[in-house]
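Consider the two complexes below, in which chain A is the common component and chain B and chain C are the respective partners.
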Partner chain A sequence: MLTRAPLRRVPVSAGVLGVLLLVLCLAVAGVVVIALRGDQNEADNGNRIVYGLTLNPSGFDPHIHISNELGIPFFSVYDTLVYRHPQTMDFVPGLAERWEMSPDGLNWTFTLKRGVKFHDGTPFNAQAVAANLDRITNPELGSGKARALLGPYTNYTISDDYTITLHFSEPYAPLLDGLSQVYLGMASPKALQEHSKNTYQWHQVGTGPYMLQEVVPGDHIILRRNPDYAWGPVFYAEATAQSVDTVEFRFYEDPATRSLALESGEVQVIGELLPTDAELLLGNTQLRILRVPIAGLPQQFFFNLKRAPTDDVAVRKALLHATNRTAIVDAVFQGQSPVAYGPLTSVTSYYDPAVETLYPFDPAFAQSLLQGAGWSDADEDGIWDKDGEPLRLTVVFASWNQTPEVAQLIQSQWRDIGIEVELVRVPDFPTLLRDYAQRGDFNLIAFYDFGVDASLLNRFYMSGASSNWSGFSDPELDGWLQEAMRQVDAETRAGLYMSVQQRIMEQAVVLPIREYVNLVGSTARLDGLIFSAQGWWPLLRNLQMVR
Partner chain B sequence: MNAGHSRLALVILAGAVLLSALAPWLATHDPRHAVPADQLAPPSREYLFGTDLLGRDVFSRTLYGGRRTLGVALLTVLITLLPGLVIGLVAGYGGRWLDTTLMMVMDALLAFPNLILALALIAVLGNGVMQVALAVGVAGIPAYARVTRAAVLEARALPFVEAARALGARPAAILWRHIVPTVAPPLLAFAGVTLSWAVLNGAALMFLGFGGDISAPDWGIMLADARASFRTAPWTALAPGVALSATVFAINLLAGALAEHPANR
Partner chain C sequence: MATYVLRRLGAALVVAWLAMSAAFVVLRGLPGDAVDATLARAGASEAEVAAQRQRLGLADPLWQQYIHYVGGVVRGDLGRSLVSGQPVTEMIGQQMGATAALALGALTVGIALGLSLGLAGGLWPRSAAGGLAKAFASLALSTPVYWTATLAIYLFTVVLGLLPGTGGDGPRHLILPVMVLGFHTAGAIAQVTARSIREAATLPFVQTARAKGLPEAEVAYHILRVGLLPVVAVIALQLGFLLGGTVITETIFVRRGLGRLLLTAINTRDFPVIQGVVTLTALTYSLVNAVADLLYAQVDPRVRREG
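Up next is the complex of A and B:
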């Protein structure tokens, strides 16, 4: 007992010490919190917002990388030669005051605005445009999208400091659309020279209304308002005392965290809310929910035309009829997006509404189509088969945009009429491309891209085109697509794209599900949140803090 | 710890196993069949535990999910136990350089947290149920081998084992007849701990989407799915969450009771 007595006192003094330590820790934490808060208040002297990004792209250089997400910050760092007006969709002057196409369509002359300066003080002129064109067309840069947007561009000539002519090997109708995208934003030649092609993305310099202040890769990007900006397109608002001075971009890759970040005030704007969450937030008067339709391809699955059983057009048609798209959109997207019926969404130029009636949901008809194509259930296991092979499909997709939920509903719907579906979810985009798309190891694959001009279709449907994962090849369709690129006349193009859309659906190359709608949430204290014609990129210039 | 606790644990565990095993007879719906029109329905007579985002019956999915989750866990434990036992016995009884080498490898593996090791393995193995069982199982081997070795070392020094050795018994006979029976009770208790890890880590990997078939009913997958609808329909997470935690809780209670059993004193 004598030896145990002192032992027993140890826990008591340890307890007292523990309490003291705890108090000390709390005190220090409190001081730190107050200090940090003070810090934040200081920054709040200006108008400052946090904008939630939904994924961390592999790179942020618009000349090199293809992610739409990069344009959310960088659309406001750069100006483009021309802009599309977000409401009228017409082309309006950007850094180019006016432009003219030669009668043969091979030369486009741009007259540039004067008095424009890059954020680093470099003057903007024809030489600067030339430097950008040189960079983008240099094969060593490895441009993913910017170069493609220039189409059959060959070279340029500079007539004077503010006049540059772009030359083409054949007429190229989508040029202005390409030039209006952030991927062809005009970067400071000085900055391009100072940094290597890999490091420039962290030191981007444009002429836009916001300047890149700080990048911490994987954590945040900070933009500051450009006080000298006075050359914006017509749809940019004038700067006022309510304009946002600082925008900090942070990443919220897990969809379930986005609505919470918005509600807690951690972010003032965030995109791609979960549809169920958006529904929930509609009742919150402190917040606004915007539904921003995105032009381009719908959320969809390409059929593999090179692999059985989807090599049979009757099977593909049956699958289209067997898919209850309305039910999918209502359940997974809470009815907040329109159902998609064709290879383009209805807000895209030259959309043809005739595709909407082609494949109504009709499981009985789907089954009769299968029967007509020689399928039966000989072994009576409830699954169609032909020549002893069951009707089994592999559907490949990545995790984003609720595609896994869409795919599971498709699986359930198709199983109802006796079609077996194996779902393969891949972790990321490179895996999707490398292991499945390029190898043709799929029956259906979820894949899409965005853009206002219908020439977007070329990359996916022309014979042998870079993203033609279907293996679709139709010389007549190739001809139409090519002709539509050469024709500048809108009516002629509309006619050609009408034929294109109908042919694609007649051949059942794609299973469209829903038109892409970005569910954006913002605090009600923020006015003027509108997006560029392409849909993804906010016009930060027009944001106003309401006091 | 008292007898009441272990009885409660037994009842919970037996209930979980029985309900899972009888899923085909007890389930009220096809666990994979989606009825989008009935999505996120609250619990009702038609849907006892409500429905999920895609309109699937949460009750039926929880029952079938138990089959998959517990099945994977059992497989995992087998994968851990057999090699773990062999390595521990050989190292503990073989001694010398064999012990040093084996334990060096095991210690190196133990440096990684269990789940991190499993994640590393799954990165190599790819997605799928079997892969998850293998990854979690293999990740558990070092700990099990270590515990086995410690028990063997202790048993080896016991007077009757030394006596047997002095009498000239063959090592294999000593190992089998004297050491294995001595070390069995603590190792059984640790097997219980291993099982609860297996359930949790397996569910974690499923939750993270390494389970292959994404529409399969599985507690981990159900919890992952529920994150998207949890705010509007908490029941989507409630059933698999309760099932998972109750099962792990019961297994831990039982393992604790085993460890405190007189045979282990």
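Up next is the complex of A and C:
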């Protein structure tokens, strides 16, 4: 019995299996063929470009969210009351025609441009500015950056449709710098009302040269040129037939994919190329590689002044002398970034070049400093020690910006002169903050921030400030930083920040490594790719397709 | 049969609930929260950070947060993102289609390729075709996705210019990621298929069949009936794994999807989003496995009797 049943079933079943497999293969082939026939016309772009962003921000509302990346599209969707000129760094009129500070520094009056319209047709006026200020200062909004940029702002007075005065509880020198950033871009009051605080980010409406056309979260953002735009700052070019009509932004989080996407023509502009990739692409005549310097703090490590052995200024100075920054920049960044010497990068306002000569690479001098501080190699194991304790340091960092490679080179450079280094790599910022920075469980820790105004230093170096993880406390320096916030006069501020930078380096609070440079790649068919004074944000208005 | 189905569905729900609760607890054990990742990172003062934590309900006792959350889930509300304020169900809805397309495509390729390779390797282990199939499967299993993915983009997009490599929602953009992910899925399917067929070939009934003088084709049929059973389970496992998010593939090919949603959410400690994706994944996974078990019961009467 057993033998007969299978006899009949074998061919059928094998056939079924075979047919199934065949159908599967055919289905795959069919899908492939249909798909290949599908969107074939993509190559014909017209004045349309794809711009590769390097991360997929979890929020895009400049009034709420903090990422620099959001400014890449939205700097062109909004206008700000004032702009910084990208070349001179001076403040030039934006939506405000002119402005005036009262002699006591507590009131700033802005006279607004006339005839400006939001993308939805709403007229721009003092009431619109007021609506934006109301939104940003409402604690329910949970603003991460915009509110902080307004400093000690209290309220406003509207004198007429085109005049608004902002009031402050104390003089606030960085106001114009704050107002020039995308986070304080002016949004349409009508759009703000039509959408909730959570949904506005998908429907943003400004007065800028580009209009938000479409957002598909996690996939892309599309901007379209604003044909009515005629109120731009002096550095915006006139629109021509070669102007870019449509810009599509996509998110290239994997650094290795960025150069591939650029080479294959899938993106026309992309930021933050790997230094090694940028070096390779330099030879490609179809492409251009731009090095865009970024104002703010350099790539750096803060010393922990509260924990041995970095509590000793002699040890910190020795470590600065023992670090060959040029070698690091050459090896990790292919020489494509300037070496950093102080707490600010050289394109930041009030940068003091005097810091550049303070700590030349000099291992012998570093060793003599250690000797002078009472270190020796008593047990002759090649590692310095003092009171039986070896000179051992913990360096904590996250994986951003090739910091792991930088840390490895520092480890080997310091090992050469007898210092032991333990490297701790953390996955993300919350871990860095909670497990290491706040517990003081480190000797050196890597962190940074970007911005043009030197008041950026406050949060890192003022006594007890939110990101002062070093535990640095110097009443005189606190006084200078506070005074620099109240003094609007540029020369006075420059003098104060000069003292600040020199004091920070005299006390060796930070180990600067290199200045941030955004390695941007673009097709050679695109002209006029320049960036705002803040460095990250392209002036899409000035882009021109080359025929 | 009906009780069997009900029991399996009940078990799937329990697994999803356990996964959700585990995610809830484990996430709170991680250093930092969404406020650290946003406000504190931007340099806000401790008072502002504390106020925001209060507003988002992160300052409440854990059991209160849990009850609040579970209460929402029962009503179909997975909460809102702590960063963007978007409802989590909406966020998942926006990304699910892309992941499903990628996962099902990759599974189709994986099954077709994996079964063919597995059959070749299992039925003719000593032939050239069998050896080649085994080598191919080993390659698929031992190479990392980011390597094959980058290589595929380089080859098919940069050098040959045949297919779009990154970005884009169109079906053309699906081909490379589906092929790459399907290749790796095929590895597991091929290996299990080949091994299980070879094992089945050593069972006593095969000897009996051969001794009775059955033709080799018929013997093969008997071997396959037994040997292909475990493959159903592997395919179900792979599908669950694929649906759960294909983080690396999505990132490299610049596709949207659940994997990338999850990745962003973990970096910003966006607890409700992570919990939502984990719960959905667990639910899908256990449902797919329940269906696989039911299929199993249909194919193999022994399971049905025991169940």
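The working rule: the second predicted complex is superposed on the first by the 500 of 547 C-alpha atoms of A that agree within 3 Å, B and C clash if a C-alpha of one lies under 4 Å from a C-alpha of the other, contacts with A are read in each partner's own complex, and residues count from 1 in each chain.
One rule holds for everything that comes next: a residue touches a chain if its C-beta (ideal position, glycine included) is under 8 Å from a C-beta of that chain, and two chains touch if they have at least 3 such contacts.
The structure presented is a predicted model; accordingly, all values stated were derived computationally and were not measured.
Within the superposed three-chain arrangement, the count of touched residues of chain A is higher for C, of the candidates chain B and chain C. Of the two partner chains placed by the overlay, only chain B lies in contact with A:Gln411; chain C stays clear of it.
Looking at the shared chain after the overlay, A:Lys197 reaches chain C, while chain B stays out of its contact range.
When both complexes are overlaid on chain A, the residue A:Thr276 reaches chain B alone and has no touch with chain C. Look at A:Val332: by the touch rule set out above, it reaches chain B but stays clear of chain C.
When the two structures are aligned on the shared chain, A:Leu423 is found in touch with chain B, with no touch to chain C.
In the superposition on chain A, A:Ser466 contacts chain C only, with no contact to chain B. In the overlay built on the shared chain, the residue A:Ala256 is in contact with chain B and with chain C.
Overlap of the chain B and chain C interfaces on chain A comprises residues 254, 256. The part of chain A that touches chain B in the complex is made up of residues 254-256, 259, 274, 276-277, 279-280, 324, 327-328, 330-332, 399, 402, 404-405, 407-409, 411-413, 415-416, 423, 425, 427.
On the side of chain B, the complex with chain A involves touching residues 32-34, 36-37, 39-40, 53-55, 209, 213-215, 227-232.
If you check the complex, the residues on chain A that touch chain C are 3, 6-7, 9-10, 13-14, 17, 21, 24-25, 27-28, 31-32, 34-36, 38-39, 42, 50, 56, 58-59, 65-66, 139-140, 142, 144-145, 148, 197-199, 201, 216-220, 250-254, 256-257, 260-261, 263-264, 266-267, 428-431, 433-435, 449, 459, 466-467.
Per the touch definition, chain C reaches chain A in the complex via residues 30-33, 36-46, 51-52, 55, 80-81, 83-86, 91, 94-95, 98, 105, 108-109, 111-112, 115-116, 146, 150, 153-154, 157-158, 161, 164-172, 174-175, 212, 214, 217-218, 220-222, 224, 251-257, 260-261, 263-270.
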